[in-house]
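What follows is chain A paired twice: with chain B in the first complex and chain C in the second.
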Partner chain A sequence: MSWSTRLLFLVLGAPPLVGSVLALAPAFSQYNLSDGSLNDSLNYFAGQIPPAFIALVSTPGIATSAMTSLLAGLLTPALSLVSVFLFLAASQEGRTGKMIAQLAAPVLAIPHAAAAFALALLLAPTGIASRIIASVAGWELPPDFLFINHPNSVALILGLALKEAPFVLLVALAALPSTDAPRRVALARTLGYRPTTAWLLTVAPALYPLIRLPLFAVIVFASSTVDVALILGPSLPPTLSVRLVEWFVAPEIEQRQLASAAALLQLFISLFALSIWLIFERLTARAYASIAARGAPRAASTDLRFEAVLTAIGNTLIPTSLVLVLMGIMALFLASVGAQWRYPAILPTAWSLQHWSTALSTWQTPLFNAIAIALLSVTAAIVLSLITLEAQTRSRANTTRLSTFLYLPLLIPQVVFVSGIAVFAERTRLSPSLLLVAGGHFFFVMPYVYLTLQSGYARLDSRWLLLAKTLGASSAVCFLRVRIPLISTQLITAAMLGLTISLSLYLPTQILGAGRVPTITTEAIALVSSGSRGTIGTWALLQSALPTLCFMLALLAPRLIWSNRKGML
Partner chain B sequence: MGNFFSRAFFEKIRLIALPAGAWLLASFSTSALCQSSVNADNWPQISAEARGQRVYFHAWGGDTALNAHLSWVAAEALSRFGIELIHVKLADTSSAVSRLIAERDAGNTERGSADLIWLNGENFSALKRANLLFGPWAEAQPNFHLVDADRFPEMRQDFGVKTEGYESPWTRSQLIFYYDSERLIEPPRTAQALRKWLKENPGEFTYPRPPAFLGTTLLKQLLIELTAEAKTTDIETLFTNPPNDSFDAVTAPLWTFLDEIHPYLLRGARHFPQSGAQLRSALNDREISLAFAFSPNEVVSSISRGELAPSTRSYVFESGTLSNVSFVAIPNNAPSKQGAMIVSNFLLSPEVQFKAATNTKLASEPVLSFENFAPQQQAVLLENARAPGAISPTELARKIQEPHPSWTNELEREWLRRYGGGR
Partner chain C sequence: MTTMTTGLELQNVSLSVGSRQLLSLSCSVAPGEVMTVMGASGTGKSTLLAFIAGFLGDAFTAEGRVLLAGKELNAVPAEKRRIGLLFQDALLFPHLSVAANLKFGLVRKVGESPRERDLRIELALDAIGLAGFGDRDPASLSGGQQSRVALMRLLLSEPKAILLDEPFSNLDMQLREEIRTFTFDTLRAADVPAFLVTHDLADAQAAGGKIIAL
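Entry: the complex of A and B
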């Protein structure tokens, strides 16, 4: 291990590990829980198993909660992956495909909570969809059905996939060039395969390994999300992560131990979801291999129908999801300017700017904090990434193993390790401050910044630097005048991606800042409890505005910088 | 044993004891808070020391009207007392309590993150039991006499727990029910009438999922009413004692009642709203036709914001509804205790109380006794009580006190055990 690898491990790997240990430790305390409801059949184990675990196991509905988290953790990435692959297969080289992919980027910038609200505003019994049906069918009263918050958690998985699919799409698009897709498809076409099938059989297996790690992060995120599950997930019982946070903030000390035990279970569920995914990977790979080995495409007629169905699905799923999000944003906007909007009116019946004026009178501090935290954490991440990348290229170290622990902060559920870091900060008398929050954000920003810059380093032909050296340039000059300008696109993308992520982080901000460092996101989530549609709409839009702006800049900036150069995009 | 009393041992004691002693001496000699209690005589010194302090006020931040009111209070506190008041908006007060416990566990005894906390009931009882509160100080405030605590004992009682000067009242609340008078002519006024009405009108009522505060409040209201009706238990045990072995017997009628009404709730009780605000928008969208809130002026303020129709009316149950007082308390490890006390005293002034009561978006119920307002202020308050959707003072006088705080926990736990796991 080179010193740069070690540094990276120390900075990125150690805090999540230490944090997790600290967060999980109370679960093993032998302090007796004053819970009278211990299951009798479990009392036999009392004294051998820490009481927190017995209490956890005897909590009603805990198995259902864990199951919901597990399902969300598996179905969200599966749904996202399938829809992205089908979309890429169906729309290869197409103009519309490119346009839609560009639409996906701003959707990625919308914070999860805002997207979840948007979906609820559309699909709840009093939502826009229901209002439109009411105007046709002549309903006076909203129907009494359960979709959002349904115990089957379809709405939760749908809401998560709406946000994760664009993420997977962008990751896949970034990796696609290195698979040499057009030639693979062309080869399969000469063997008689139709375009969509050809893509799925030849490009997908080459693309999948490149987006595997981001998918793992999706699995962990989906199985441990708090804000989306609060808004869209079931409430009887809620997901494991939601219950964990409820216990973590409860005033009784026993609940803290219960929260720690639940955090351990959460870690287990996330890892379990990962291992099931790995098994499925093997099975799918085997199935793929046997299909490919069968060789000859099926009889032309069935193949055509099969191809048509695949193409149709591929062309609908992603565009529908994007349209859904955009309509949701519209709904948020309507809610934010509506003074009166009773069912079944499709549009508000009275308009006002009162929600905006109240929000705008209090948003300066949260906005300033959010921007300061984002800038601090992103700058630190960029500097550290450049240092390690520079060191690695100069020592020509093998960097493939690195990316595994780069993902550590993303592979350990946020709730688990952030609460541990809060305990650590408290022990070491670091008082909650903007700096501490920025430090917390750093862990979540760093992986994305590093990976983006790494792709820039990998893509840059090293002969440019060799050329500069032969002309007598020092290493520093090489770095500053050759490397930096040539990776400026990746540098901007990394910065904007980092800013976007930092701006929408809730849990680390709230827990590490002890509520003293309000950001737009924490204010927005605090107002969720007020439940007024107008307030939620306003704050959800405010919360989305900045990240979206960053994203737009990230897309535009390279075009502006390279407007007088060819082949740089 | 010989080693135990060795010189090194005493050396260690000296190393620990000396700085601690010095710190104790230093803290005794300078501040007005040198004694553990505060009295009215040293108020001038307290206000002098408060100048320039920064006070972190941890209070629920889910109400924009209240947030706006507190930011006005903050601006006034800065210009009048030179205190920088910062409202830390909490999604849930219990998070402040758990933070205090975490701080104590970490040995943080003097630089806590909160200076003033909006508390009541179980949170107060938990902090007081754990000795995490500073005091007594509340009755030393110059404005405290305005609440007339001798006539209104609820100003010294928080859910049956004596406050003993460890917290100061600042607003009060009562459970009220409300309905759209265009959809519902005669709303139910007792628990039994509610059950009968709900069976005839399925899906038109629901309640926030306990432990959401408003949901638990309804459980307590029903428990008191059903207990009084059953006459099998002495109702006083609910108010004075924590639940004991008889919990199952006492609460049996409540669970029977809930089992009976649940199939008739909105969404068949497979999902409950998360808060009173969601209940309110469900009523506004005609999903339900009867709702409730823990704020007598909820309906008036919501009508003014356009969140409820002007035809909405509010009322309380025949035998009265739960009512309680909200308090502010100062943690033991608060760095700006003096500033916190000055802010609390300011919250008790007729000026602030009147402003909070007459702000149409907030309309909080004052803790001051009516005659302590100026005559013009009294006239305005009387006028406001006649607004559409407002509730008359005579009806509001039907108050039921809160049960002992430990009932809250037990009821929530039992509710979650019975219904929280789903079916």
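Entry: the complex of A and C
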């Protein structure tokens, strides 16, 4: 192992592992903190169950909470994957498909919480969707049906999928060129398969392995999300992750032990979701093999109908999700400027900027904190990524294995890892501060920054640096005057991606800042129980503004900087 | 074998991948001469250039010595060898202007002011028929113009020897003739030893030096 690999492991691999151990350890304590008694330590080895586990198992509704998390962890990636693959199969990289994919990209910049709020305002009983139906169906009163926060978790899974599907789509589009898709489809079509079926049978199996790791990250994220579950998830009882955080931040120390036991359960649930996913992978592979063994269709009517149904679904799901997001943002906006908005009027009947002026009088500190944290964590991630990448190129090391532990902070549930860092900070007497929060953000920013810069390094023609050397350039000159300018587009993308992620992060900010480092994201989510529709709309839009700006900069900056250098674009 | 004092010399050079030997050769190139090494693809021509220039990949093992003006180069890093390389493509840095491309490798003279350096660049542009092109985006130049800038950039770095890696193979037929003549005339005038690898006999003949077939 080269020193750069070791450094990367130390920075990215070790903290999640150590953090998890620290988060889980209190669960095994034999001190019964609620009444101060101590279980006989000898009995521990005789198999006595630690009190925290007993407390967790006897917590009302814990099984339902765990089940909700498991369902979200499986259905979110499934829904995202199915909609993305059917979309790609149906659109066949056509012009409309490309346009829709471009529209999906900005959704990535919208923070999870803001998207969840948007969906909540859209689909609430008095939300825009209900008002539109009311105007058609002639309803006088809002429907007596609670979609948001319903125990069936449909809203939670829908809200997660709205954000994760664009992510899976962009990952898939990035990997698609290496599958040689058009030729595969052309070949299958000459053998008698219809286009959508041809894509699904020949391209999907080649594409899936390339997007597997990001999908695993989606599984872990969806099964352990806190902010989206707070906004859209069931409340009686909430998801496991939400309860874990409640216990973790509770003032009573015995709740800490309970949180720790819940963290262990959370880790188990996320891993269980991953295992079920792996089993489904096997089953799907088998189904594929048997379909392939049936041979080419003879344009039978069932095959044609099958093709038509798949194409129709593929053309519907992703565009519908985009429409939902767009309408949700409209709902946020209308709520933020509406003063009076009686049901079933589609638009507010009186307008006011009251919510905005109230928000703007308190937003400076949260905004400053958010920007400072984002800049600190992203700068650290870029510097460290460049150091390791530079060292790897110079030593010409084989780095394919690196990507596995790059994903480690993303493959361990955020709640487990973050509460572990918080315990570590307490033990080492690091008090909650902006710097500590930035340190926590670093772990979630780094994987994306590194992978983006790595693609920049990989894509750069190695002759540029050879050429610079034969012209007498030192290593420093090669790096500063050749490497950096030539990967500037990826550098900007990495920075903006990192900023977007950091600006949207809720859990590390809330837990590591212990409520003392408010950002726009934590302030927005704090409104979930107390906020009015108007304040929620305002803060959700405020929270989305900066990441959206970053996203636009990532697209525009290279064009502006290199406007007079066509070879750079 | 007598050691030359001015040219580029390869002594018992042998290159191999694993246990398979790619080539072995000894030769010397005098200043102002363009020696050609010819061979089909896969014979190790580019590997030989990488070895001489100083960036041979880990996969290869090399024996023998490279001497430049009588000094052994084997342990000298690429950027200190003063061996220039002309690639198949012009490879003008896309982020730099034409003038900045020329300046990239320009050897600074003691006591030279920035103004004097700019003047040298202007003269160099003039010499390749591109006077006034300094501020241009390299992407806006024609293929032939780019080739000439690439050659001038190489010469301004004042190399002690020049390697050419099939430098004309990506040019179309008409341009090829013109750039080839321009390049070889310029190289002979520059009076440095040059080493050309190609699979095109016309290139070898135009170079006018010794020809080694691999």
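Note that in this section the second predicted complex is superposed on the first by the 534 of 569 C-alpha atoms of A that agree within 3 Å, B and C clash if a C-alpha of one lies under 4 Å from a C-alpha of the other, contacts with A are read in each partner's own complex, and residues count from 1 in each chain.
What we mean here is this: a contact is a pair of C-beta atoms (placed from the backbone, for glycine too) under 8 Å apart; a residue touches a chain by one contact, two chains touch by 3 or more.
In this text, all values refer to a predicted model and were calculated from it rather than measured experimentally.
Novice: Which of the two partners, first being chain B and second being chain C, lies in contact with A:T358: first, second, both, or neither?
Specialist: first
Novice: So, does A:T126 touch the first partner chain B, the second partner chain C, both, or neither?
Specialist: A:T126: touches chain B, not chain C.
Novice: Applying the touch criterion given at the start, work out whether A:E523 contacts chain B, chain C, both or neither, answering first, second, both or neither.
Specialist: The answer is first: A:E523 touches chain B but not chain C.
Novice: Can A:S431 be said to touch chain B (first), chain C (second), both, or neither?
Specialist: first
Novice: Mind working out whether A:S290 is in touch with chain B, chain C, both or neither, as first, second, both or neither?
Specialist: neither
Novice: Thinking of the overlay built on chain A, is A:D144 touched by chain B (first), by chain C (second), by both, or by neither?
Specialist: Only chain B is touched by A:D144; chain C is not.
Novice: Please indicate which partner A:L467 is in contact with in the superposed arrangement: first for chain B, second for chain C, both, or neither.
Specialist: In the superposed model, A:L467 contacts chain C only, not chain B.
Novice: Between chain C and chain B, which one touches more residues of chain A when both complexes sit on the common chain A?
Specialist: B
Novice: Can you list the residues of chain A that touch chain B in one structure and chain C in the other?
Specialist: Dual-contact residues (chain A): none.
Novice: Which of the residues in chain A come into contact with chain C in the complex?
Specialist: On the chain A side, the touching residues are 396, 463-464, 466-475, 478, 481-482, 485-486, 488, 562, 564-568.
Novice: Please output the residues of chain A touching chain B within their complex, sorted ascending.
Specialist: Where chain A meets chain B, its residues are 37, 59-62, 64, 125-126, 140-142, 144-146, 149-151, 230, 234-237, 246, 248-253, 256, 339-340, 342-343, 350, 352, 354, 358, 361-362, 422-423, 426-427, 429, 431-432, 514-516, 518, 522-523, 525-535.
Novice: Report the residues of chain B in contact with chain A in the complex, numbered from low to high.
Specialist: 56, 58, 60-64, 67-68, 71, 86, 88-92, 94-99, 101-103, 105-106, 108, 111, 113, 122-123, 126-127, 203, 209, 211, 266-268, 270-278, 280-282, 284-287, 305-307, 309, 409, 413, 416-423
Novice: Under the touch definition given earlier, write down the residues of chain C that touch chain A in their complex.
Specialist: Residues of chain C touching chain A: 53-55, 57-58, 77-85, 87, 89, 91-96, 104-105, 107, 137-140, 153-154, 157, 159.
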